[in-house]
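Working notes for the structure below.
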Amino acid sequence: MNEKTEKLIDKKGIRLDGRKADELRPVKLEVGVLPNADGSAYIEHGKNKILVGVFGPREVHPKHLSRPDRMVIRCRYHMAPFSVPERKSPAPSRREVELGKVIKESLEPALFTELYPRTGLDVFIEVLQADGGTRCASITAAALAIADSGIPMRDLVVACAAGKVEDTVVVDLYDAEDKLGAADVPVAYMPNLNAVTLLQMDGTLSPDEFEKAVSMAMDGCKKIYALQKEALKTKYMNVKEEIKEENEE
Amino acid sequence: MPTFFETKQLVTPGELLAEGEYQAGENTYLEGGKIFASRIGLADCDNKRVNVVALRAFYVPKVGDIVIGAVKEVGFNGWTIDIKAPYEAMLRASDVLSRPFKPQNDELSQVLDAGDLIVAKIASYDRAHDPQLTVGEPGLGKITRGQIMRVTPTKIPRVIGRKGSMISMIKEGTNCQIILGLNGVILVTGKNPDDEELAMTAIKKIEQESHTTGLTDRITQLLKEEKAKREENKVE
Amino acid sequence: MSSLITKVRQKQIGQTVDTGKRLDGRSLNEYREIKIEQGLIEKAEGSARILLGKTQVLVGVKVGTGEPFPDTPNEGVMTVNAELVPLASPTFEPGPPDENSIELARIVDRGIRESKAIDTEKLVIEPGKKVFVVFVDVYVLNHDGNLIDASALAAVSALLNTKMPNYEIKDGEVKIKQGYTPLPLRSRPITITIGKINDKLIVDPWLEEEQVMDARISMAINDEGNICAVQKGLSGYFTPQQIIEASKLAQEKATQLRKTLKW
């Protein structure tokens, strides 16, 4: 077995990066950062840096992929070669393909796909720097990018993971905890509808621990949701502030 | 039960707006007896009908709308038009040519070619078919001069103003002809590029500040200042 | 993957589920009949074929040798691949693995890997230099719903059937000898997939139910009753309460299946 010189969480309940069990990494969100995309958003979650651009609803090419009764959603999750310590080949890996699928399935419940038959929505996720929890951060940013594009949504989708390190269930694992910990449970959630749209787990958890992890992840989701709303509003509030200042001059 | 927001409050998708005896209006939806916002915008209530004026949305074709589009492709019996909507629009040759024609590609590209701009009306549109356009009415047809700009379609009413007051003010203040496509594409035709630029600046300002108060005054101010600048330059 | 299912049929399925039963006569938490056959591909080191109702999946295990991954020099390698072979369904197209077959392979992989079913340290021939590589290839032969559980069960059955070649190290070289040793398996993970139709949870959805259900959750449970993999699928959602309900149901079914299969 690999020797761990430091424990991932100490007796006082402090993790290697200084956080407590229920503490999130800092999150920074920005909406409308790509002028060519119909909608876009950028997230920094801990050391994760992820950019999302969306295009649509628009005609689907090739045409045989379109559905006569709804908008189809295509999601590409891609990691930049320089995003991880060992350079990653730019070719899509099996992990990236699976993530594209589960992320799409986490966003689709929020969309009124029946309103735009025969069209497609393309969601492009580029992970510029990865440090654990990229699928959750990607979902959080993708939902904002979709809202930014003006596509109607049932609710914003927000995501956060929880897991187990040593014997403690903790929220928001970063890379080291993800790799060396006992379990990782990413959750995506629509808070106003109480709907879980993504749920995965790898590792080993007792049924009770699993329940606790899901619950902690949802608490994390609710905190990040507040930041999402703020980021969306900020774009428009700034204009209001600028005008106020101009008038006061 | 009162609504859960203040008039003109900025709301985000999924925010709970009302519960009970209300109707779900623009950019809202009803689920489980509750009304939620579906787009980011300003919420208000009009006669028990909860609406959200969206700050950003794309254009969904509606029969009767005037739109401005660009020719994408010349086909065998018509043209494919890009109207900046989720669906491509079609303009049939039979709608444009007043006489029966032989389906030869060359003829059509001489009437309208890829890259040409047109003002058209949506003649038909439904869930199963792309929108069909017509140019068979006065004021419609190929555009030969002027500048094109885009605003998000939900702002067009604000650009028009109450009883057309805002758009009239801009037209007079810049001496420009302005055609507002309901798909958010606007054609500005003036006597010189400077006038056109001014009109476009004013419209852009309306789009960016539409959710604030005092906009009409600020536009009036902008036009007055520019006019004054011009007068000065003329004198020199 | 969508087969054609008429609206009338969709409604029928939903209405029947509302009454607590299913169109094929099962109750909401009943599995279809399971038949497993092992060792049918003699040229593979291990193999198993499962019939789950009419769903048919064949898993072949090949054991080769190779270099270990640089960050795990003292561990052997296991890799899982899945093919949705075109003859299995009119909706499967020939070509490289698409997102559905990749997801299927990775879910099966996680169930086996996270339950630590294979003791990869026992797969080492020469630390840092040579290890056994266990290739698990899932071959879907007929798609009648619930490929995940069928593939996962067939994969574990195939591993239970797998024999590793004996070897000796002579003059610094690895030489394969006669004879075989069974692959040591520490856990027999069981994956339970639950679908949601009209807010009711159903176990082991069959093909037509899959066209109607709006969400699905799969959970892999190890010998001790602990959860080692979870995957929510499809474009619908679960409430937190439904997730807890599904978790309890999965544990119950895993225990039952473990008895039936004598695992």
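By letter and in written order, the chains are A, B and C; residue numbering begins at 1 in each of them.
Definition applied: a contact is a pair of C-beta atoms (placed from the backbone, for glycine too) under 8 Å apart; a residue touches a chain by one contact, two chains touch by 3 or more.
This is a predicted model, so every value here is computed, not measured.
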Those chains which touch chain C and also touch chain A: none
Identifier of the chain whose CA centre is least distant from the whole-structure CA centre: A
Chain centre separation in whole Å, for chain C relative to chain A (CA means): 28
Rounded Å distance, chain B centre to chain C centre (Cα mean): 53
Between chain A and chain B, centroid-to-centroid distance (C-alpha), Å: 33
Multi-chain contact sites of chain A, meaning residues that touch two or more partners: 190, 193
Of all residues in chain C, those that touch chain A in their complex: 97, 99-100, 102-103, 105-106, 110, 113-116, 217, 222, 225-240, 243-244, 247-248, 251
Chain A to chain C touching residues, read off their complex: 94-95, 97-98, 100-102, 104-105, 108-109, 185, 190, 193-207, 210-211, 214-215, 218
Residue numbers on chain A that touch chain B, as the complex places them: 38, 56-59, 68, 110, 112, 116-119, 147-156, 190-193, 228-229, 232-233, 236-237, 239-240, 243, 247
Residues of chain B that touch chain A when the two form their complex: 10, 12-16, 27, 29, 31, 36, 38-40, 54-58, 86-88, 127-128, 152, 154, 208-209, 211-212, 214, 218
